[in-house]
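Next come two complexes built around chain A: one with chain B, the other with chain C.
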Partner chain A sequence: MNIKDNWWKILGVVFMLYTLIAGILIPLKPGVLEFSNSRALTGSIYEVDIETYNTYLTIAPTNVWLLLPDDKLIKADRTNVIDNNHISASIPIPHDLEIPTDRGIAATIVIDNASDGFFIYPDGVRIKKGDSKNTLSPEYYSISDLKSVKDFKFPFRGVVFETIRNTFFHVAIWMSMFIILIVSCFHSIMYLIKKDLNHDSRSAALTTVALVFGIAGLLTGSMWAKFTWGAFWTDDVKLNMTAIALLIYFAYWILRASIEDVDSRARLSSVFNLFSFVCLMILVMVIPRLSEDSLHPGNGGNPAFSGEDLDNTLRAVFYPAIIAYALIGFWMAQLIYRYDILKNNFLDKEY
Partner chain B sequence: MLGRILHIIKRDITVELRERFTFLSNLLYLVAITFVVYKIFGTLEGPTKMGLFWVLMVFTAINMVGYSFSQMSQSRKLNHYQLYDPAELMIGKLLVNTLKLFVAGFILISLQNLLGNTSLKQPVLFFKAYALAVIGLVSVITLVSSISVYSRSQNGLVSILSLPLLIPILLLGMNISLISENPDRMLLGATVNNYLLMLLGIDVVLVVLTIIFIPIIWKS
Partner chain C sequence: MKLNLLSTSLLFFLSLSSLLANSTFDDFFRSTGKINTVLGVVVILFLVLLFFLIRLDRKIGKLEKQMKNE
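Up next, the complex of A and B:
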């Protein structure tokens, strides 16, 4: 085997292994799963039981805080660590806290210790004006008093939790599918210019792989949807557009199968491939962005899949994952293409 | 070039008028289906009306435009190939087919209004969406039918190939027409214009692609 010509296959395998190992083994950052009490009154003690995730609360002394909107922190005067993932705390709420409206103000639960760093449940507690006559005036702390640790972990997000790892499968498979389709369209154009049947075979092989990736993307997306949105199939625009896109590529296969003459099959399927790629772009990229109600990030007013959602730890696995799938896809396409060539040669000899 | 296109259009219309049975049979199909659906639902209003309208439009378009290539006799094809530039022929054909489909759809919606005893709430908006959608439908189906002429099972292939490609146009057309029936569906002021612009953009892309690809397909 010639290493020089096949370096990209090795790269693909290495990135694939990296994606699988890093994507599945790197733990999530600690986070708050649930807490018992979401209402607090000024001038009284706020009692709460908290269930945390991926934490080691018993290892180091743990503090519980309430973060007020003006970035001031109130420390719990009593905390009781039950086990690594359960803690209860009582936090005194100052009697003279400014509450501008009847709706109260939103406060964030913050937990920190030396081994996990700090983690939060944003805006989980609503503080309202209480009628108790107690005077409570606990000390205020600032954010710099929190302990933080630098570690390489995936972010903890509500709703998705551990399934955030599906980013490396679902999203990355989609992205690499688009890369493969673009290359397939390039070969279609090359066929139309040069009339070289090899380009057509390559284009067909790449489209086959893209179709397989599309189905894989749909399946992984469906599993993710079950976990986060509650159903395997939802009325989400992007999901349904995607299903239609797959139909278009199935149609491409039917077209190829139904034309016997090699040259006209190559010509027509190249044209149809280009045409359907444009339609696919319209379906998947443009229409979901116009509609008001999509569940996908980046559509229908949801925040785009960038910035906070895709932080650097995710990126460190996500981009290699795209490259890995694309390279493996090209490899698969190359095998299909070679099989096609061999089959044609064989048939040529036979008849 | 314009003169030649006009000539092609004139000739196509003459041929259409001479062979009016195809167009009339499509109209008869529309009338029959509309009547059957009207008897089943008992009324034609709101989403039912619009859904029925678009579904019928798709099938009429496939019947009317989709087989326009396969119905041409071999000698006429050869004649066309010798006489005209394929792009010009295609522009002419697109225009004639758009006109045919537009007329058919107009008759369909009038019939629905007559049977359902209703009228369009915002006719201008509806006809904008309708005209744009018809252009898109015609260009997709024309391209697909010219592709499927060469295959073994052309009749089935036209609908298999074109239906998924038509869905973006249909969705946009459906949305705009529902908004035109019931303005409450519109959540944001700019949405309708966005949809119309979107539809226009898709049409431009599809028509340009069709005109580019037809000479390539036409060769054999």
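Up next, the complex of A and C:
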């Protein structure tokens, strides 16, 4: 197996190993898991027990704060670190805090120390007007008073927590499926122009691999959904449209299997391949974005995938993952194609 | 057809191994250090598939050479 022809296979393997190792081992940023008390009243002390994640609260002095909507911070006047992941705090709420409506204002819990930097639970506490006569006027701080550290860790997001790593597996497989399908459509077009059956064999092999990637994407997505959001499938636009698109590609397989004559099979399946790709783009990319509401990022009223959902730390593993799957997909397609060629030659020789 | 089935099951198992890596109950894997075991399992699965791919590649290469020499 010479390197000159197969360098890209080795590159795919290297990227795949990198994706696996970095994707699984790099830890999450510190975060707040649970806290005991979500109500506070002006003019009284807000007491709370907090459980955190991936933190080392005991090795450096830790502060607990409440971040108000106008970006001012109130510091806890008493904190008690129980262990590396548990802390309790008392925060005095100023009596003269402006509460515009009966619903109160939402405050964010902030914890910081020199080792973990700062991390938050956004809008977790509701401050309402209290009727106590105490005058509490704690000092206000600003966000620049918080300690921050530079570290390479994945974002800590509620609900998904560690399964955010699925970005490198589930999401990356879908992206690489698109890449493989684009190359497959290229070969379909080339067949229609040049009538060279090699192009048809190539596009069939690539579509096969892409369809298998699609099934893998659906399976991994269902599994992720079950453990993270509680259901294998929902009535989400993108999910249903993706299932329909994959069904259309199944029809491509059936079409190829049902035609005996090599030339008409090649012609019909090339055309169908192009049609399926257009359908895929419309069903999976266009319609979900037009719909009213969707669970997927970037569709139906949600911010786009690269805005809120991709961090630079995630990107560092996400893009190599897409390349890894694409290269390994091309490798598999190449094997299918070479086998196909061998089979045709064998049949031609009439042993 | 046989090769299609082979590649299908290949990728099925690849996706399964991805599932193993990602259906992490955050309570369970959180602090027990077992994530290294998970990584080990996934890497081993991947290496097995890789070995299969390389073997297939070599077999086909041999056949191609035979065809060319005839």
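The rule is simple: the second predicted complex is superposed on the first by the 349 of 351 C-alpha atoms of A that agree within 3 Å, B and C clash if a C-alpha of one lies under 4 Å from a C-alpha of the other, contacts with A are read in each partner's own complex, and residues count from 1 in each chain.
Going forward, contacts are C-beta pairs under 8 Å (C-beta built on N, C-alpha and C of every residue); 3 or more make two chains touch, one makes a residue touch a chain.
Bear in mind the structure is a predicted one, so any value in this text is a computation, not a measurement.
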Between chain B (first) and chain C (second), which, if any, makes contact with A:Leu342: first, second, both or neither?
second
Once chain A of both complexes is superposed, is A:Phe275 in touch with chain B (first), chain C (second), both, or neither?
first
Go through the superposed model and pick first if A:Val14 touches only chain B, second if only chain C, both, or neither.
neither
Once the structures are superposed on A, label A:Trp224 by its partner contacts, choosing first (chain B), second (chain C), both or neither.
second
Figure out whether A:Glu260 sits in contact with chain B (first) or chain C (second), or with both, or with neither.
first
Counting touched residues of chain A, say whether chain B or chain C comes out ahead.
C
Between chain B (first) and chain C (second), which, if any, makes contact with A:Ile59: first, second, both or neither?
neither
Just checking: does A:Leu192 make contact with chain B only, chain C only, both, or neither of them? Give me first, second, both or neither.
first
Provide the residue numbers of chain B that touch chain A in the complex, in ascending order.
143-144, 147-148, 150-153, 157, 160-161, 163-165, 167-168, 171-172, 187-188, 191, 194-195, 198, 202, 205-206, 209, 213, 216-217, 219-220
Chain B-touching residues of chain A, taken from the complex the two chains share:
192, 241, 244-245, 247-248, 251, 254-255, 258-261, 263-264, 267-268, 271-272, 274-276, 278-279, 282-283, 286-287, 290, 292
Okay, in this complex, where on chain A does chain C touch?
1, 6, 9, 13, 16-17, 20-21, 23-25, 53, 161-163, 165-166, 169-170, 173, 208-209, 212-213, 215-217, 219-220, 223-224, 227, 328, 331-332, 335-336, 338-340, 342, 345-346
Please name which positions on chain C make contact with chain A in the complex.
3-4, 7-8, 10-12, 14-16, 18-19, 21-26, 29-30, 35-36, 38-39, 42-43, 46, 50, 53-54, 56-58, 60-61, 63-64, 67
